[in-house]
Amino acid sequence: MPEGATSSAFASERLQINQGAEETVRELLRSLLESGKVNAVLALGRTGGPSGGVAYSLFRDPEAFGADGDALPLLPFMPANAGGLLSRLTLEGPVAEPVAAVVKPCELRAFIELVKLSQGNLDNILLISSTCGGVYPLDMGIDGSLEKKLPTYWERMEQGELDDDVRPTCRACESFVPEGADITVALLGEADLDTQCTLHLNTERGAAFAGDMEGTTVSGKRDSEALERSLDERKAFREELFAGVGVGLKDLIHTFGRCIGCHGCKTVCPICYCRLCYFDSQNCERPAGFYEGELARKGGLRVPSDTVYFQLGRMAHMAISCVGCGMCTDVCPADIPVSTMFSKVGAAAQAVFDYQPGRDVTEEIPLRTFEEEEFTEVAT
Amino acid sequence: MPNESTVLIYGTNLGGYRAAYALGKRGHKFILLNRGSYVDEEKYQALAQLPLDFCWICGHMPQRAFKASGAMQDCYNAQLLAVSGEAGHFHVKFKKRDKPVNNFACTECDQCIEVCPVEVGEGKAIRVVPEAGWENCYVIDFEHCTRCGACEEVCPTGALKVERPEEVVEADVGAILLADAFEEPSDDDLRDFGLGQGPSVIRNSEVARRSLLTNFVRDSVRLPSGRMPQTFAVIVTPHFNRPGVEYENYNLSVSAIYRAIRLKEILPEAEVTVFLHDYRGTGKGHHQWYMKALDAGVRVERAETLSVVPDETVEEAAIHYTSLEGESRTQSVELAILVTGQSPPSQMEELSRLTGVQADENGFCRLRPFSCCETDVDGVFAVGELTGPKGNPETVWDGCAALTEMQRYLGEKNVAPGAAPSLRDVAGEPTRVGVFICSCFGQFDDRMDLPGLVERARALPGVSHAEIIEGCCTGPTIQATAERIKESGVNRVVLATCTPLQKKGKYDKAVMTAGLSPLLCEYLRFREDVIQVHTDPEGMLMKSLALIRGAVEKVKRGRHVSPLVDTFDGRALVVGGGLAGLTAATEIAANGFPVVLVERENELGGQTKYLDEEQREYVKGLISSVNASDNIACYTQAKLGQVEGYAGNYHAVIETPTTPVSVDAGVIFVATGAQESLPQGFLYGEDPAVMTQAELAERMKGGETADHVAMIQCVGSRTPEVPYCSRLCCNQALEHAILLREQGAEVTVFYRDIASYGKTNYYRLAKEAGVSFIRFPGDDVETGYPEVRRNGAGLEVVSEGESHPADWVVLSTGIVPDAENNEALSELLGYPLDYEGFFSSDISNYPYEEAIKKLTKPFELGSNGIFPVGLAHSPRSFEETILTAKDAVGRALVVIGKNKMPPPNKMFVAAVHESLCMGCGVCVDVCPYGARVIDEIERVVKIRPFLCDSCGSCVAICPNNASYLQDFKGEQSVAALDALLV
Amino acid sequence: MSDNGIVLAAEDGVEAAFIGWLKETLNKNIFDALLIPVGTPAGDSFAYLLLQEPAILDSASPLPPVMPVQGGKAIGRLTMRENPSKRIAAVVRPCEARAAIELSKLEQAHLDNVCLITLDCPGVLPLADYLVDPVAGAARFKEASAQWDRSPMRPTCQVCDHFSLRQAPGCDLHVGTLGCPDGTAVVVAGSSKGDHVLEQMDMGGQDEDEQADFLNTAVTDWGTQVEQVEEAQTERRRQAQEDLREEIAGAEKLLGVFSSCINCHNCQRVCPVCYCRQCYFESAALKLPAENYLARAERKGALRFSPDTLLFHIGRASHMALSCVSCGACEDACPMDIPVGQVFSLLGDRAQKALGYVAGTSLEDPLPLVSYEMDELHEVEQPYVEVYPNQEVQDA
Amino acid sequence: MEEQAFTPTIVGFLCNWCTYAAADSAGVSRFKMPPSVMVVRVMCSGRVDPLFVLTAFLLGADGVLISGCWPGQCHYQTGNLQARRRTTLLKSIFDTLGLEMGDRFRLSWISSSEAPRFVQVVKEFDKQITDLGPSPIQDELFL
Amino acid sequence: MSEEREFVPKIVYFMCSWCGTGGAETAAAHHLRYPENVIPSRVNCTGALPAVHVIRPLIEGADGVVISGCHPGDCHYDDGNFRARRRVALVKSLLDTLGLEPERVWFRYVAHGEGRRFVDTAAEFNDHITRLGPNPLKTRSDT
């Protein structure tokens, strides 16, 4: 039911602060670093100086979160899925001292999913997320148009709406409310984000770390009307989007026909955790004889082949865990709506198994388990 | 009663070292008698002889391993007293006095030096001689030592005793090897060159000595006043010295040229003149370097006579010389560098008294004809400079040839490698790193804050234990360290001690005794990298910590791997049935190993037509012993079809007139010989009176002679096409010339350089016999050669416009490689040819063959079990051909027939992540030893661990870390690097 | 280059003539199959097809307006493990052929049965530009290439000085169109393999000598034309590279250039000469424990994460710059519009110059890093001619 | 007309312990059945990687049959149940993308004693595929 | 200027396990001194030093990298140092092109006995780098 879909994620406790959201988050992180409560903060920040770009960084110097520091914790931009980065950070074991990470809901889900796959470790990671209004596509981060967009973005956020220019994937995202975050910054549909802000301290850890922020603790039922509305809008958009990509073999080939085989979608996909992808491995390095065989059979074939094989195969490998973060579409040099395809397939598959990736770290990944009595219709 | 297996080696020349090395590796004990008071007091002989300014020959001796295994007993201040018995059963008596400091107990802590009250010049009465590659030697200057004993008291391990008793030792040995050291001519020998008479005359060896710590730099030639000379003379003294005073080792000319080139490198503006009589560059690459010198602007002045008169005070010397044309000239230089030869051995008399060996007319040790090291006395051998002037290769080859020749007098191997300790596989255990920091018996305590360092080391991630140890270099401390490692329960070890270069064996022993593979450990040179080279405590602490951090990160990622073993096939394949091939075959067979001999022609013997009677007889003898031997299978009219495999595991197919035969072998000898180059022009082939030296020999045998004989040297040698000296032609021509003179003929030799070499100075003899010599402008090949014309009935030789009538014109033609055959074989064996077209020396001979370190290279498998011998390797005389063959056999004997051979580097070999390997083969191309090969089916690289010397070139060239060394994995090195920089 | 050649002529354009010629090679059974770009079903891009049905050639396009896949890579995929048993003609652009040649040196392509056919190349459009509106893109390309106008092409193409492989011994056949009269082109052989093909294709017909003269004039005209343009291009390239270096040189500028890199490694994945199955920079070597990253973050105040962006780019250059053929594929694949292609061809040119090598122009030249001269590069040896006067090193 | 001419190519991944045995005895007992199934023996239906199915289709199979032990009878306890989940996933993917491959492959349980049932299944499946006609994938050049 | 004096560079000294290392040991035996901030790192052979290992320190905190191996012809493995020379040339070319101060990388032969040459190299390079000033990359957080 929609109600639950958005509010179940919140603890009843929340902290209301008379300071803009941006300032609050910067303030919080700076104090955490200064006090040494956290050893480092993973957040977005400026790179390469003024004319430069935006990337995630592990910040140690509190000044980064000062008024004109490099950090940009709430920037609606996603140069990488932080879930993958957190996995990289904790792959060889938990961090010794707390590290805070400011992530978007889909990044958080990706990390949870990776932890399930033993590709990361939650210990000592303080997860800070927010109700998400989506992010802008990568190319807007290059030409500077992102900067210009920000005022509109926040304006519409306050109204609980999404800017039309955020990535379609985001506009079609149903899981924009973080689950399992220690601290959730309420953004979507919150009034006066530049002067006030609400922090939901969902866990004891959250409370412990954000405890000494100045603000008033409020409890009890909160109004999630804006969220519900956004959910409905996004659902609608999602159906549109999915309907947009045709079905059937021909359409599939049309969609992926211009794939240049860079496998960038795989590389940036947080769920694709393999060190060496099956489709880059020896298994797909074929002797000339193979191609000659195919040639004899069909009179012609694409080289390098395996375009469709790669896409379908990758779906079979990760769609069940796809968190719909949209990185794959963003990165595709051939402008293929990869994410739309994968979310569509993923959503359907996840529905079949009644599974929501990244919702709960204790939730088993469907293919790692089974029921004695299920899907009896499939096998006959 | 079986023969003794031990060998007594008297003296420490390069040949002796090489023999000792080979004996130890083969498994024979040897006693090394050193007249000097420490390992190579006489070391600088190498510098005198080496053209290079760096030397680490002695470092190639795994002396610690040899001592540990009991193979080596080295005695100092030693003197041979008596020799009795006979070959195989000598009883020797010698006296020795141990060095005050026993290197095996010595930790090189330098406390003795610190407490020594006696100042001598810069240092103290006890000082360290670090240049010695074996170990740092502590020597006491007994002249000044007061015997106060302070050093003895302070020595933490009791390694030092000021007074050592002189001991008389008796031993039973199977053979005796005389290897007495090279001796430089004395200052008096060189008085004609003004040595010691002024500041501006210096020996080349002194220059090298000055360059020891810096390599050759300007300061090596700086004048006492501090001025930098701008005019130099490099003088090859034996060319001008009085007869019999000094002898010229074969590489002297090129040493002079090399020095001149280096001078031009560091002082491009300087004027450098090389004074010599002839340029005698007879070895590989020598001619190349001669041309290089000319390009570099070095002036080469050929003189008939020469003397140097230095000014006593002013830094200037006058070179008085007469040109070849007889006009006397003088040139004044600021520094004259004397490239000196060697004196006849001073010990000969004593040695012949003791052993019965005989000196030859020049005072060198006489050898049996056609033998390399056999003296007149059975079982007594002599190598290196003791037997005459040599080039470095010949000196070194002597060593292994001796091993070959002495086999028949030696009993069974008497050194058995100790059992390896069992190591535990730590896979699955949580990583626990232990850091053990050596205090060098408390020595380091006051140099820096060790406890503080330990504290910080313990705090490093992954480190579960850290402590200070007393040491890990003496028996007890090694044991103690092993115990501590065990008790601390760690499974990775960082040992912060001192020089792994010298003590790695000890550290390995410690950790292996503790049950850990050295792959799980890292040894830090705490002393060399921190204690002895720094003063600032804080900085030292930081640096030590960085080093430890790096080591910890490295060992954390270390994995245990158990080393493999391979068998080295005991069979040998010899290609070519000439002198070299026959020698190799018989010698290998004589040691009980099966041999397959392949000869292209239908009978053995090779090119015998140029040989004299004795030589023919000798070859016949070899052939009959080949035929007689049950160990040798001989295929004539046969050739090598295909070859696969690698050292110790070759599989070859031999094409015979009947059916192909397949052969397995561990080693392959390439003895395919070379050809006499046939002269072009000079009316050769048009006029019967124009002939080659070989043809001359035939005619002289037939009793013919002529009144006027002209000889032209360097026909088809030292030309752009044949860019080398064929080594043999000059001596051959001179011998003939002398004979002809005896028969009353007028002989004129037209030459560029008379490159005669050897004990017998044929050059001088020929001159004395009245042979006349006319030099033609040699460096300009195009116009240089004299022209041969018909002149009425006879002939005339026209050189530089002058006509010289002649009845016979004899052309001294060179030796050229059998290009076609060599290239095919090189392809087949994957063995390189050198730029001259001969089979390369077993390793790269840059800058040229005398880069002696190359020749003493201890990695037996460096040549992948392939040994080019005889003329296939380079132009060689009859005797030298035998020498190359016996040297090769000696080197083969070190490895051949080993049943359980571990990789030379045990577990430290290269490996491949096959899932990442793309089979691109770049690592195969850069591997210096053919230790890698592409598996054509799997398209990945496979390793031949037994050829791998773990240099890591494969790691560096591999773009994605598919190649790695067991102790140098990508993840190890990156993490370690980062840790250094935190 | 051999003097063997033919002249193609057709009313309806060189492309048609060339395709006709190719069909002929299939019919005459000179080749068993062709590898050539063909329009994708959606009509919005092109892909290499290996084909033996002459009919399919109708939708083929020897010089498509874009380079979605680097032909060298295609040839590599096809022949990486073995020589094909069939005789295959690969119709590729010069830079693609050069890549194939580099790959064959690296054992990643086996060309014994592959006949490399290249054409004078006008360059290609940036993939992104084209995909906005493929139809318009195609038109734009047609127009520009018609008068060899490189301005709309990719930056790397604009300054390409190897657009014609007539001199490269590695390339078997080359189709020259530059400066040829409309509707004609010359086909010249660069190798005996190529010669053989031309001989088999020789239709005879007109009188031999006449034909020969005609051919010679055609070839010479074309040759001189190409040389002129090559000179001009070389100059443009030098200039452009100078300017580029101005823009990127120095830590400040360089980090600016790579600041928006998102570590997708597309550049490496599409690079034809980056042949590793798994890139070093994705390998275990650089996967380190958290304490490593945190320590580095501490030293620098912060650590860009994913780490090692700059190391990836410089390091990758150290692996492939010597084989870089300046094809610009990397730049096409970069989602962040970083001028990787230009930077790498700059790095490649200079590195190759330093080690006396030109990538992909000959099968014989050994790869620079697997060979060496004993007497070379002394400029990198730090001279030491005199003891360094320094108090610190004096004996204590 | 063409329809009749068409004999499908079906790849059958049969579990070593049950269905493969069943197929065996079917053969031994000379049961008649269509020749269309190419049998690939796998140790367990749980071994059948979805990529096997994909590969088969992309290389031109008209149908894919996976068959293992009945639930509860798996030689390896639960392999077949995992196979069922994978199959379900794959079907879901095919269906979402509107690829008819979904209808072209089938998972069935056939124990070693059920030779007749094996024949039955093969016949049915063969019919099903024959009716569907050749897989359209076969003539796609741009896969 | 005052900063100049305070600046103590971090220097990585790659040395081969034969000559480079030997030179360092001879230096030690002679008690020759060189600056503490020169940190040695051993590789078997300069020919075994991957280009990336030279580049990485320059990004991750080193102000300079100096490499020492055997003299030409003296390489324990025959030609490792020749190969190293090419690799260094490559790295220098790359750094130069990118304006990253190739002079922060030095390559100088040092033989086993050449202790003085070793410490001189360390000291000379240290002074050289001190004059060059800090490596801008090492403090950049956005590498």
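Per-chain residue numbering starts at 1, and chain names A, B, C, D and E are given in the order in which the chains are listed.
Simple rule for what comes next: a contact is a pair of C-beta atoms (placed from the backbone, for glycine too) under 8 Å apart; a residue touches a chain by one contact, two chains touch by 3 or more.
Since the model is a prediction, treat every value here as computed from it, not as a measurement.
Peer 1: Just how many steps, at minimum, does a route from chain D to chain E need if it may pass only between touching chains?
Peer 2: Minimal hop count between chain D and chain E: 2.
Peer 1: Return the chains common to the contact lists of chain A and chain B.
Peer 2: Correct list: C, E.
Peer 1: Need the most distant chain from chain B, centre defined as the mean of C-alpha atoms.
Peer 2: Of all the other chains, the one whose centre lies farthest from chain B is D.
Peer 1: For which chain is the distance between its Cα centroid and the global protein Cα centroid smallest?
Peer 2: Ranked by how close its C-alpha centre lies to the overall one, first comes E.
Peer 1: Which chains are joined by the largest number of contacting C-beta pairs?
Peer 2: A-C
Peer 1: Based only on mean CA positions, could you tell me how far chain A sits from chain C in angstrom?
Peer 2: Computed from C-alpha means, the inter-chain centre distance equals 37 Å.
Peer 1: Taking the mean of the C-alpha atoms as each chain's centre, how many Å separate chain A from chain E?
Peer 2: The computed centroid separation for chain A versus chain E comes out at 44 Å.
Peer 1: Note the residues in chain D that touch 2 or more other chains, in rising order.
Peer 2: 141-142
Peer 1: Could you say which residues in chain E touch two or more other chains, in rising order?
Peer 2: Within chain E, the residues that touch at least two other chains are 30-35, 51, 56, 60-61, 72-73, 79, 83, 87, 109, 116-117, 119-120, 141-142.
Peer 1: Mark out which residues of chain A touch at least two other chains, giving numbers and ranges.
Peer 2: 47-48, 52, 55, 57, 70, 96, 253, 257, 276, 281-282, 299-302, 305
Peer 1: Considering every pair of chains, which are in touch?
Peer 2: A-B, A-C, A-D, A-E, B-C, B-E, C-D, C-E
Peer 1: Give the list of chain C residues in touch with chain A in this complex.
Peer 2: 33, 35, 40-42, 44-45, 47-53, 56, 68-69, 73-74, 77-86, 110, 127-128, 131, 252, 255-266, 269-270, 277-278, 282-284, 287-291, 293-294, 297-298, 300-306, 309, 332-337
Peer 1: Within the complex, which stretch of chain A touches chain D?
Peer 2: Residues 246-249, 251-253, 257, 278, 294, 297-302, 305-309, 312-313, 315-316, 319-320, 341, 344-345, 348-349, 352-353, 366-367, 370-372, 374-375, 378-380.
Peer 1: In the complex of these two chains, what residues of chain B are touching chain E?
Peer 2: Contact set of chain B toward chain E: 52, 54-56, 59, 108, 110, 128, 130-131, 133, 136, 212-215, 217, 499, 501-502, 525, 527-529, 532-536, 539-540, 542-543, 546-547, 550, 843-844, 846-847, 851, 853-854, 857, 862, 926, 928, 949-953, 955-957, 965, 968, 973-974, 976-978, 980-982.
Peer 1: In the complex formed with chain A, which residues of chain D make contact?
Peer 2: 50-51, 54-55, 58-60, 71-72, 78, 81-82, 84-93, 95-100, 106-109, 136-143
Peer 1: So in the complex, which bits of chain C are touching chain D?
Peer 2: Chain C residues touching chain D: 38, 40-41, 47, 49, 51, 56.
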